[in-house]
């Protein structure tokens, strides 16, 4: 091996190592570049000051507390719900299309026959059962629902102590079908 | 080469193949015992040069067992499908194309594992995903597993 | 009682170690039975199937729109491309023309997903080689992409965004702005990857000349994706059999002739640049229109066989559907690029050190759920 | 002797303890009591420093990686390492079937005792020095190289293939890097003309050796930094543990407090080599003095020596942590290539160069 090559090889290697060290070192001295979100705290509005002490410097225009506030995006598929209005009415007609479209049997609809005022028989839901433990959040039920009765909320903390607690009934107690929805 | 030329070429190599019309990709139905020779010829002749086996699929039609070979040429970029079938559903066996395309090794092992198709002259035909002592081949139409498969 | 072994017996014995199912460098539950001679790898025997879920069997019982949500669970880092494979096959079989807007969005989403996947690969590869800091930088830069996905599709990893004929829902109004912001940010940050890892002399020593696979061998073994392109095999489906809008955009197929681990690494870094280029060409020109084509409520494919080749982040994915005319497919086969790439591991790592085996399997970028399906 | 205590000079304080002990009891017992006191002080120091270093490393690596690091247990996560220690103490010690029981149990103790032995020769401040050997440098090198025995025994007795590979790697690594560590220290010994650490420190009264010895001293320092990082199984040289290859290398099978011993020993070894580097190259507890600048020297003298010592050691440790969190790991053959083809020849030339400089009187 040539001596010049040997030494220039060493110098080149050392230089490449120093370039790498520059990257990590520069981040070490720039604590405002930290991207960690501190989970249980960032949900609250009143963020305690000392959670962000390592991030003294404000991030641009926002204060650290604002920057680290958790942002839930509106389309986030957290949990299936059936929106009810203030009169406790929902839009589900009990047609069963969501049950049919669900790929893994998450939804089960127990329907009853109602007799309306003018004597007609009509199908309505008794229970819209949603087994969250089986749900894969593919969104087919919401997409295919003809009356837009289902929606996703962005709650995401679903941990429970018992698996049966994941089986939910989506229609509320005593709720009725919204007027004008067929 | 266009599809027409490939068709002519294949018919010249092996007159007993059947080429159905109206397929989106040129599909050639080959008798199982002639498949290996045709494949080898298609790979080695310089004007076709099908050197890349994209995919090998075993299919259980319920009555017969088939294997599809999607082959393409990296040189000419033309793709055809070879199909071969057997009526013997109990012990279907085809010739392995491992010696032509080495990529067939895992494809064939997979087909053996899930469909029970044996490939002659395969260097290492073992189960791929399932345990060695697994009974049955899950992708077969008559496979039943009352515990794990929920019928809807 | 242990047998008393002669020295020459011991020399002939294989020193077998199990890498996995629980091992930091297999990135999932895969087992590599490695026979060693000292530190030198003599033979690698992969054992997969630890997370075999039978997706192909499940597909036979489901309708076509329902299959989509299973496909993201194969290669969870290329969820969009996996969805696209089924969607494109079904659309091809039905012969429907999808709106131009959908094509644009699908292309952009695919490329974003490719960047995200390569970022995760980069950090995992750095970690395989012992540079833990890479892991956090990669994940940090992947976060904006996941936020973009979450905003439009509703989930971060497993989106199920494509449906046969179009998309689940339209893109978010902020989508274009966010994507442009990300591209601006990432163009600035990507050179940092090179500074930290690519140029590093230790890294180059660890990867150059390691795990060489020739072009002929790569074609013969079906090594596709960035791994195949590192061997000089021009296997980019986006060029060879264009789908989406890839025939209209201008991008380079990254090819390296060396076939070693470093070439595979470079291909992926270059692909991130190329993906950004593709996105920049499209992001301003998304045409107005429907986000889905008119589809029947129950999709039934005509009898026959249909397939679509799709370039995922790690290779060529094929969705092959055999239909008997019902609403369920008769047989669905996914050609997993990971499984086929894994087959080359033994050839590549022969006579290299055990540390190189980790580097080589890292450079193949294996995603185990795709392998096992 | 009257009691006196000064933060600038511990000599009178230690002398006072010594004198009062010898006055109070027969010499034999006085010696025993003295040894026990020093042992307890070192044990306490050891535990506290270990806890602090683990915390510091986690925080430093977190900041380099754009993270916050431990921040849950106590303010800024200060109590995190104490919580970890309690967890490790409470954990079950798993005994491996077919393991060599005696060696398996002895190995962590060997590793920790070795690092404990070496710390005795370190001068922390003026007069704060447990044993001032006239061959201090040699003693430290001799003692610290024994740690490899513990690592080898741990790997072999675990009856685990990963552990064995890790231990063998570690053996090859430490034995070869021992050479570079020794030679780079010898370079400075040539300059200082003594192996006694107190003399070496005193010799840096007017200027630290790294500045005094021109280029050879700087080269020796860099070589020492690299070689000692390798010797402590850290940073880019952590092949013995090599998480992504060998899961945890030689301590794969250890659990609970026995694992904690290995863990602690790693940090203490790091402190040890950092303090040797600080003592030998950067003047130890000696403040920064520049010949001629009397005012400046007085200002520097105002900072107590013990802060100088720990400041330098922590700075060197920070550099070692910087290495670890930047570089990918080397392969075993590259590791040995680096030692035998690069560091060792450079070192040998360097010693000659230094000898020449000393002979010609070219140093400052």
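By letter and in written order, the chains are A, B, C and D; residue numbering begins at 1 in each of them.
Note that in this section a residue touches a chain if its C-beta (ideal position, glycine included) is under 8 Å from a C-beta of that chain, and two chains touch if they have at least 3 such contacts.
Just so it is clear, the structure is predicted and the values come from calculations on it, not from any experiment.
Novice: Closest chain to the protein CA centroid?
Specialist: Checking distances from each chain centre to the full centroid gives C.
Novice: Using mean C-alpha positions as chain centres, tell me how far chain A is from chain B in Å, no decimals.
Specialist: One centre to the other, that is 43 Å.
Novice: So what's the Cα centroid distance for chain B and chain C, whole Å?
Specialist: The separation of the two C-alpha centroids amounts to 24 Å.
Novice: Counting only residues that touch at least two other chains, what does the list for chain A look like?
Specialist: In chain A, the residues touching two or more other chains are 17, 20, 23-24, 35.
Novice: Give the residues of chain D that touch two or more other chains, as numbers and ranges in rising order.
Specialist: Counting only residues that touch two or more other chains, chain D contributes 64-67, 325-327.
Novice: Can you pull out the residues of chain C that are in contact with at least two other chains?
Specialist: 133, 140, 196-197, 200, 202
Novice: Taking touching chains as linked, do they make an open path (line), a single closed cycle (ring), a hub with spokes (star), an all-linked set (complete), or other?
Specialist: The chain contacts form none of line, ring, star or complete graph.
Novice: State the interface residues of chain C toward chain D in the complex, per the touch definition above.
Specialist: Those in contact with chain D are residues 15-17, 23-25, 39, 126-133, 135-137, 140, 196-197, 200, 202-203, 205-206, 353-356, 358.
Novice: Show which residues of chain D lie in contact with chain A when the two form their complex.
Specialist: Spelled out, the residues of chain D in touch with chain A are 60, 63-69, 71, 75-76, 322-323, 325-327, 342.
Novice: Quick one: which bits of chain C touch chain A in the complex? Just the residue numbers, please.
Specialist: So the residues of chain C in touch with chain A come to 62, 65-66, 68-70, 73, 133, 140, 143, 147, 150-155, 158, 160, 163, 168-169, 172, 192, 195-197, 199-202, 204.
Novice: Flag every residue of chain D that touches chain C in the complex, lowest number first.
Specialist: Interface residues on chain D, with respect to chain C: 61, 64-67, 161-162, 165, 169, 236, 238-239, 242-245, 247, 325-334.
Novice: Could you pull out which chain A residues touch chain D in their complex?
Specialist: 10, 17, 20-21, 23-25, 27-28, 31, 33-36, 38, 50-51, 53-55
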